[in-house]
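A, B, C and D are the chain letters, set down in written order, and residue numbers restart from 1 in every chain.
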Amino acid sequence: MSRSIALLICLVGGLTMLVSPFLPMATGWANDVTDWFNILAAMAFVLGGGSLLKVQLMRLSARGPGWGYSAVTLLAFAVTLWVGLGKVGVVADPSAPMVPWSGKPDDEGSAFWWIYLYVMTPITSTLFAVLAFYVASAAFRAFRAKNLEATLLLATAFVILLGRTFAGVVLTGWLPDWASGLRLENLAVTIMDVFNTAGNRAIIIGIALGVASTGIRLLLGLDRSYLGGDA
Amino acid sequence: MSGLDRRWIYLAMMLAVALPILWNGVTGKTFPESPTPPSQACFDAIEALPEGSRVLVSFDYDPASEGELAPMATSFMRHLMHKRLKPVVIALWPLGPTKAEETIASVIKTDFPDRVNGKDFVNLGFQTGNEGVLKVIGTDFRKQFPVDRSGTPVDRLPIMDGITKAGDFPLVITISAGYPGGKEWVQYVSSSNPGLVLLAGVTGVQASQVYSYYPGQLRGMLAAIKGAAEYEALVSAAIDGDRVTAPKYTEARRRMAPQLFGHLLLIALIVLGNAMYFAQKRCKAVAP
Amino acid sequence: MSDAITDQTAPAQGRWWIGLFLVIAVLVAIRAGMGEGMGRVYVQTETTRYASTTNEQGRVAWSAAADGTAGAVTIERDLFRTAGQFRAAESAAPGQQAIRVSWDRTIGLWLAAFFTLAVFSFLAGDNPAYKLTESIVIGVSAGYWMVVAFWETLVPKLLANLAPDMVKAWCMPNLEGGAFNPIALIPLGLGIMLLSQLTPLGRHVGRWPLAFVIGTFAGLKMVSHVESDIIEQVRATMLPLVAFEDDGSFAAWASIRNVLIIVGVLCTLAYFVFSVEHKGAVGRAARVGVWFLMITFGSAFGFTVMGRIALLAARFEFLFIDWLWLIDPKGERAMAVVAAATQLVP
Amino acid sequence: MVLGADASFLNPDKVLLLVVLAATCVCIVGSMLAARAGSVPRIRRIAGLEAVEEAVGRATEMGRPILFVPGIQDMDNPMTVAGITVLSRVAGTAAQYDATLDVPVSRSLVMQAARESVQAAALQAGQPDWYDPERIRYITDEQFGYAAYAAGAMARDKPAACFYMGCFFAESLILAENGNAIGAIQIAGTAETAQLPFFVASCDYTLIGEEFFAASAYLSGAPDQLGTLRGQDIAKALIALALAGGVVMATIEVFSPATAAESPVEVAP
């Protein structure tokens, strides 16, 4: 019963959204649904936070290896929630100085801002930067001229890498004007403009078909694994 | 060939990026740039506008992509100010307005102190809704952005006189790090407003996706730090001529030095990897 | 091919990381003792007074006011200043207190440097500094996004519709409109259903919001993908096989480009065909399609590398410029440059 | 079904969209019905999907866990939904082999959906006790916070098989390179085009774009689901025809002198 109602909700919701772009009366619906989804996702944080607390508390109470790190996670989580929800150190917004809670939680000088700037940003942006190292090791390992396909991959990356720096200008800058299309920096642009455009377009069209097909499978209930097992 | 620990690769990359930064910091030298067509197109599109035109600038990035995009924002803002154009700033990313304020402080407030907030430029802040925001501003700009960042109603801002929809701007610039960004601006704004010129400054990751819209729906684009450096050089040449450019206006070109060595290292690694591969294949062929 | 690189990223063989961090600590100590030192953050307190005016519609607006205005509210904020501004102020008035070292921000800067190095250290192998950093970032970022969801979504989109007057008085004085909006009960109801599964009764009801999300977004995304991806991309590919310049002469390169794009799109589409084996004509087209895919991936890879190196450069700049004070490309610590560019200093 | 909308209520700008959308739906639903009636298509081999069982089997033999990452976006993203449906197939196989399956997620709603789907798969495989909700846990919404966890967990738990199925951004290479470093067999699937090159470079198998969306239908083996794949192919053929027609029209237009000067078709500068 519960599953049948769920499938019905899925079907009706999906069909409504499918026809809404064609009905002049339905122009805002997509935005409304997106808002509702955001609210739902925000409320779902209770579930996520609960899972996080449970896992870390279990580890802490079991005193298994690394339980100290669980304590650190819990502390970091609690402190961030406290200073953010409590707007610790936030001054009122200039447009309403009489309302002490009117400031944004991440205003310069607040505790939440401090955590964002000095804890979260350095860690996340360094993790982002670590990709430069991973790109290097991946390129070293994977770009081998084993066959025609692999060679194309490798050669293209090569041209782009050279063409997008000063090195490309130095290496092929001597080419005369009538052959300027072969200069590395222009070759890089051509690859992007022609081959990359064609490849990406086909991938994008394919994805759109895949999304449509997946959507139909979901709406018709062919694919209902997300609804769980029992009746 | 199993002897190469990947940590040597990491160390080499670290040196290839760190040493040029130090070298450049000590000597202050940068490499010359010659603009590619997409960057030149950005410069030309702004040059072509008559003085006083209003330009919609969207800051669609956050600190994670600042390294690539902040120099573009600085150059765009400087170019717009120099041409006496009027930027109307919005953001589709929550942290975009903060980045915009930083750019406004470092370019307009420092070097163009005569420009008045609300008349010559304005920051309308961030709105949630991703592409939904773009759909709405296509028909009703003020519905999405009723007030500026300090709460002043848009109706009272002289810079907004006569602007009712996105199509009223002759030029739109998005500086974008991902979703929502360049692609969404093309899909929801440029496609439905044929007269509107759209420029995009994008990260390297986005570049390959957004390239498929250039030069049709996207008049010009700055791709990654290289595009930023090219455009920065164009703007510097137009504004400073032979004078020394202030350090904050050479940021993208400074970043090109570590790029060059990083790229050269990657190329060397690819060559080395293939040399090892073919050497190994030959060994196998001789002694199976 | 993966054995080209030995597997040594794995954990600690011994306690190498103690040595690594000792070396870094010694180098930092040496640097800190040299010249002007390193890693300090300066601030200046900006005091603004705000006074209110009431306009014709009875709306109260606040704006900056002169000293001594009756009924003015004072707000103080600490704003960043550079080391150059500090030195300029000191040389103008030794012992001044306007621009000063901010201890909380200085501690933050050193913490940020520690975290940066700790993440880099993972490249050499898993170690306690990385584990500590990892456990902190998980806790902080989970909390961060919950706080953002609360203030950016739940308050303005849900509470402001259900109890506008309360929200206006509490934290959103500029809230427009301000009538109870019954539509907001729908997402509230969905949310309650979702959370009801924490109780034994709600096991079944908890699926409905999920079904709602999956159904509506399946419909929405079908429309948007067909519209912007299929229609627009096909339209953009309808290029003439032969192109001419503006003056009427044959444009060879533009023609080749158009043909290549059309052929590329068609062949790559052939690669994605599922219900026909890749043999014969379809097979040949699919093979060409794979070539296009490989070139696409190679170029995307090459482009992305630029971004990644730029990000790495930005982290090194943070370490070298903001923390270690080794170089000064922006002239933030050079007194002369800063003093000329700003009138902040009395 | 869409065709039911009364034409007089139609938004006139959207007629083309309606036609294309309806044609797509007709192709897919029609092929599905045909497959149900007995005309089941033969689907070509997709290497990455044939390797799923092998990967799960290998993890079981080695006594090491399986890691499944359903992307880092929420349930409003079709890639996440596709990832969850693939998860249910992988979980079914893992339950049969009694292998350990770890599913760290970065969104609360995804955790909810993943738990439902893994539990259902365990039931279907006849192993209801195999399901452990604590193995499907929320980490953090933050992209790199999640990547930090995943990188650390891989270095410590050393999963033998890693699946990355969903929407990925920059963290894709952090996951794939760390998985490569511990020698795991890796299968990735995404429609996020910018990340495909990294998965192609670092993973053993990569499902590219449409292949990824086809995965759950392929793995299910159910006739009506396979039918939808043929429907996609028919739609593709129609697109190719429309494209060819458009190209011919555009070419004719170039030669007709009246319109040559202001041809609406863009030509490279």
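Everything below uses one rule, namely that contacts are C-beta pairs under 8 Å (C-beta built on N, C-alpha and C of every residue); 3 or more make two chains touch, one makes a residue touch a chain.
Fair warning: this is a prediction, and the values are worked out from it, not measured in the lab.
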Distance-maximising chain from chain A - centres being C-alpha averages: B
By count of C-beta pairs in contact, the leading pair of chains: A-C
Central chain (by mean CA position): A
Chain C and chain D, separation of their C-alpha mean positions in angstrom: 26
Centroid distance [mean C-alpha coordinates] between chain D and chain A, Å: 16
Where chain B and chain D are represented by their mean Cα positions, the distance between them in whole Å: 31
Geometric centre distance via CA averages, chain B-chain A, whole Å: 19
Multi-partner residues of chain B (at least 2 other chains): 6, 9-10, 13-14, 17, 37, 64, 128, 151, 205, 207-209, 212, 216, 223-224, 226, 259, 262-263, 266, 273, 277
Residue list for chain A, restricted to those that touch at least two other chains: 15, 18, 21, 30, 34-35, 37-38, 40-41, 44-49, 52, 93-95, 120-121, 123-125, 127-128, 130-133, 135, 137, 139-144, 153-154, 157-158, 161, 164, 188, 192-193, 196-197, 200-201, 203-207, 209, 211-212, 214-216, 218, 226-228
Per-residue multi-chain contacts in chain C, two or more chains: 1-2, 4-5, 9, 61, 119-120, 122-123, 131, 133-134, 137-138, 140-142, 144-145, 148, 153, 174, 194, 207, 210, 213-214, 217-218, 221-223, 226-227, 230, 233-234, 236-237, 253, 257, 262, 265-266, 269, 272, 293, 296-301, 303-306, 308-309, 311-312, 314
Arrangement of touching chains [line / ring / star / complete / other]: complete
Footprint of chain D on chain A - complex, ascending: 15, 18-19, 21-25, 34, 37, 40-41, 44-49, 51-52, 54-55, 58, 120, 123-125, 127-128, 130-131, 134-135, 137-139, 141-143, 153, 193, 200, 203-207, 209-218, 220, 222-223, 225-230
In the complex with chain B, residue positions of chain A that touch it: 30-31, 34-35, 38, 93-95, 121, 124-125, 128, 132-133, 135-137, 139-141, 143-146, 154, 157-158, 161-162, 164-167, 169, 185-186, 188-189, 192-193, 196-197, 200-201
Chain B residues within the chain C interface of the complex: 1-7, 9-10, 13-14, 17-18, 21-22, 24-26, 28, 64-68, 94, 110, 128, 146-147, 151, 187, 191, 203-205, 207-208, 212-213, 216-217, 223-226, 247-248, 251, 254-255, 258-259, 262-263, 266, 273, 276-277
List of chain C residues in touch with chain D within their complex: 2, 5, 7, 9-11, 119, 122, 125-126, 130-131, 133-134, 137-138, 140-142, 144-145, 194, 197, 206-207, 210, 213-214, 217-218, 221-223, 226-227, 230-231, 234-244, 248, 251, 253-254, 257-258, 262, 265-266, 269, 272-278, 293, 297-298, 300-301, 304
Residue numbers on chain C that touch chain B, as the complex places them: 1, 3-6, 8-9, 61, 120, 123-124, 148, 152-153, 174, 176, 228, 232-233, 236, 296, 299-300, 303-314, 316-317, 320-321, 326-331, 337, 341-342
